[in-house]
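We just call them A, B, C and D in the order they show up, numbering each chain from 1.
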């Protein structure tokens, strides 16, 4: 008999849309898939919006208290796409109720929360419960190829990791105040929202740990107006600058910004090693650049690889013909397919997916970055 | 009561997959959508494959004769993604049976077929039947913006249209023989398969007609081996070169190639006018470049527009957040949404979608190109 | 005793400036150089301008009749940068007077002229006289590397050669009439001015000959105003389109345009073969892109080679440190250094430089293109 | 009577070559130029090399003690391209001897030296003596345009300045030890050699001062072999990371690296403001990208400006025809033309050229960066 996986969705924003879209596509894209996926319930604070989302996406029901998801017997998977302040409690409750849990990044509002969540997840794991943090960029075929080339030693000793995650979302001083600018709701600004991706990517690609953190998280625009015209203080950073000392001896520079006028969603990653280099930009997410010092000098140069070869590049064979490529939508689908498949087969979520341990490691760096930015010096991490 | 649109799918290849994916997504992406979409039947010559496709994509049934689709009362829409030699007869039968029809490009194997199909479609239209040729690139937001800028006179008088549709599919002399290389099955080679897109795009973007055609359709690799190891002649072109005199006085150069080593699916379009210019490349399909001579000389340059602004760019508001972009999959969905919506609302398929008249116009140029290439001189088109 | 090479410069426009600059730099850049270079005389029709040029560039004298250059005993090299209608006679006279001759491209106004010039050059060659046509792009390090890779078989069998030489010089309908638009002065328009470079580059890079020519040389803007406000007919093409059948079986598409709004001086060259591909753009002239099908599929992609490695790339060791690159100015210097060095050492100008034979071959294609454009069919070339 | 400017060149490396080339070209490129330029003497420690350089570049004499340049009455301009440890003393002596002085960057080995040099220069200035630090990138037309657009308010309030100066010079662990890796000779590593350019560019483009510095200057490869095979410690940084708080409220991130495998000489500069953004990369030095939020949203995007318009872009009218562009060589020529012209006309070197005051300001940041990297916290600058 086919396994049934009932989904309980917490949140109805664009991320819930992206994840729901995934649950609808997994079955016929990743065919044959070892489970049936059922959209059981969607939950949100606004009754009308929850109802509309349930109708639009064909969830069997809608609820307004997350506890109703946790208590629902037909739900096996809690998908938490709520705001950062509603990550900790529902995730813990769901795990304790024996549900598999995926949560949006950053995993938690604070390091203390993340630690608690991880402890509960570790216990649940003993009973076969899976947990994942939605670091979706681990499922970009081009970044998978990057990891593979690094693993094979194509870059030699790693010298530098550079990340620039650039958005202009807040460039306009008239852009309105929103929950993401509140310390209480968001924990941090671009640090948690964008640089968390970079922190996870350092660990995913280089497979090393962070030893020390130096950070500067300035707030360039100190006040914004709410849609109602009230001036509110911006309590979190709009630029996040981090330097990392890595256990493998490499140097990482991570920048994230939402005042990077001109860029909607540009995420450049560059890695330099003794034998080669890699470059990636999310805005052209099907492409990976690879430079090898082992090529004859005469023809050395960055190769622009279009990572869309079904035979050799991860995930492509499931999707569209060679050359057509994937996008933002598909990284989420690949990610959720991995999570559900691990649930179905019992395989480990790591190393391809980020577990709550990975989420915790990321949160430790975020916390260190907050401290460093306040104090102005290096923070050592101890594991 | 909501209108029900039953889909009959002819073909089970990658194009059927792309179209089926569209039918599954329209409802929750283009919400609220004015019809219910039902996957009734999928048809293909190989019984096992048809059955597997029906299971995978959840069609209610599978058939092996296209006539069964035409006769099925629960089907209102025939979607013909079969090989070019199975376009004409099923489309005509379906139109005559009162079904709406969408057919893959090129519309037909020959001009004579296309004329017949158009005549039948014209009659059917009087009874409210809709017809469309699947020129999906009309539904790329960046190309929609291109058309808008041209319409607004931002390019002034148009001088040149340049198209290079480049693929390396046949670069390897060891790439096997396939149906696309047979004159009988395919009609022509890259001319019909790729340059048909360019011919349609000239008409769509410039809104002018072709007056004369000069063409060269060489076959560079004359024989290939079948998977069974038999040497077969390549009966169609692997490079298609066309010059067009356009009614608006402009000059068009259309190149398509499947021996363009290095390029998987690159389609560059450039348009030069007295006041400005546009450049597009399908491989970076969310981007449009626009140059204006009306800018101050000091800062003149091609703007790289990331065509992902929900407020101002076509289709974006339905999809993912600003900056994330669409891809090959989504152009098909946008296209089929337009077709089904026109069926539901009675709106015209043209000018946004290509009708059978547009398909015919394209086929006239294809036929002229075949003649010109044989004879070596200009062919005038008379309408 | 060091050889002295006295230069007689015919013309004082920007090309004379570029060539004079070369003569001044050769000695200390290509150190040690086997000859002394002396700027003897500069010649032009306007007395004041000739005088000013002589002062500016420190020529020993200025003259207004080219015959004075030919008769001057202290001149060993005639450098002809005059308009196309003043190429034939002075070159022949100089060759017959025992002077080495370099002439700007296109070599002549007509094929008949080119033939005469070549015959005289062939005779002069027997007496050790050197002749060259100023196809300066043969001296771009990146294109030298392209030729080397092709010669080494890195591209396998050549399928296609594509050239787009794009300028917006005439995009503005108000751009004034000038001598280049007169049939009598220029012979042809962008065909001779820009596409001549492409024709020579096909032969230089692929080392094959042209077998047949199909061309279309439209004039999009038929009249222009002189600076004095008089309307003059444009007698030559502003777009030049050429298809070539090559002796090696390859297909060449050459486009040149001066109504390519948005591009100042863009020259894209792409070459596709069974094993690899090359791409070049003059606007980024230090870069060559190289794609190899022999790379593992996983990492196949165009390498962006920065052709500035002193140890392995032509000409770089003479110039600036690694990574800094050369530009338009330097290609002329490299070219003239080659010419003067051949004079000094007796080495052959070919194959690196274009001789009058190469110039003639180019002129044959130009003439065939003019005929084909008039008649509308293929023109076979017979050698 | 025309002013004569006798040049005394200290050093005979590639920078001396670039500067000498400039002195040879200024007269006919910047015609008419208000002075005669004479190459009097070249000085270097190695007698044979000095002699060879004098012959190659046609200096009237060669010397091996810099004092001989200072004492030479026929020399009016000392051009100091020697290693960093030979900047201070010769410059001061020359200034005190009434000679105009240009010195390579970084101006000095230490802040103390720079202060002394500046004090002497300030005195000399009273007698009409000119002084300049060779920050040649101030003379790149594209960066001049950047400054102009910023000055005109096209970027609004400046948020961020990002600089990545990337070289692979030291990527290979086998690259030999050289004087630049010695603390005593070089003062610092990429900090002084490359990041000094970035520090100067922040000040030049934004016209603001640095308020505080946080830096990390790691040495990734701790030992290297001399050409003789002896292992030597690398005493300076091979990566230089700096964050700056600027007086205008903006945030600057400056990275320089010589272990950036894959990049020969890439220098990316990006500036984000409330109204627009700029992007530049030295490797494509004729191009500037400009984004304006004041454009209609529909067509917003980075314009790729080819900064080669003689009528509107600095320096172009002196050089080659529109579209052809300049390179590394020309920035030095433009710079030295400015310096000599200021000497001839009495005009101020600032703001276009960097004076010793600008050099000192840069050195203050370098010193603060060294201190910060050692201590790990912010260093405030007081003026």
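We take it that contacts are C-beta pairs under 8 Å (C-beta built on N, C-alpha and C of every residue); 3 or more make two chains touch, one makes a residue touch a chain.
Only a predicted model underlies this, so the values are computations on that prediction, with no experimental measurement involved.
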item	value
Mutual neighbours - chains that touch chain A and chain B alike	C, D
Of C-D and A-D, pair with higher C-beta contact tally	A-D
Mean-CA-position distance for chain C and chain A (Å)	54
Gap in Å, rounded to a whole number, between the CA centres of chain D and chain A	42
Chain C and chain D: spacing of chain centres that average the CA atoms, whole Å	36
Sites on chain B at which at least two other chains make contact	302, 306
Interface residues, chain C side, partner chain A - complex	145, 148-149, 289-290, 295-306, 309, 311-313
Residues on chain C engaged by chain B in the complex (per definition of touch)	155, 157, 159-160, 162, 164, 168, 171-173, 214, 216, 218, 220, 239, 241, 243, 249, 251, 253, 255, 257, 259-263, 270, 272-277, 279, 291, 293, 302, 376-378
Chain C - residues contacting chain D, complex	14, 18, 20-21, 24-25, 28-29, 31-32, 56-58, 167, 264-265, 283-284, 306, 308, 319-330
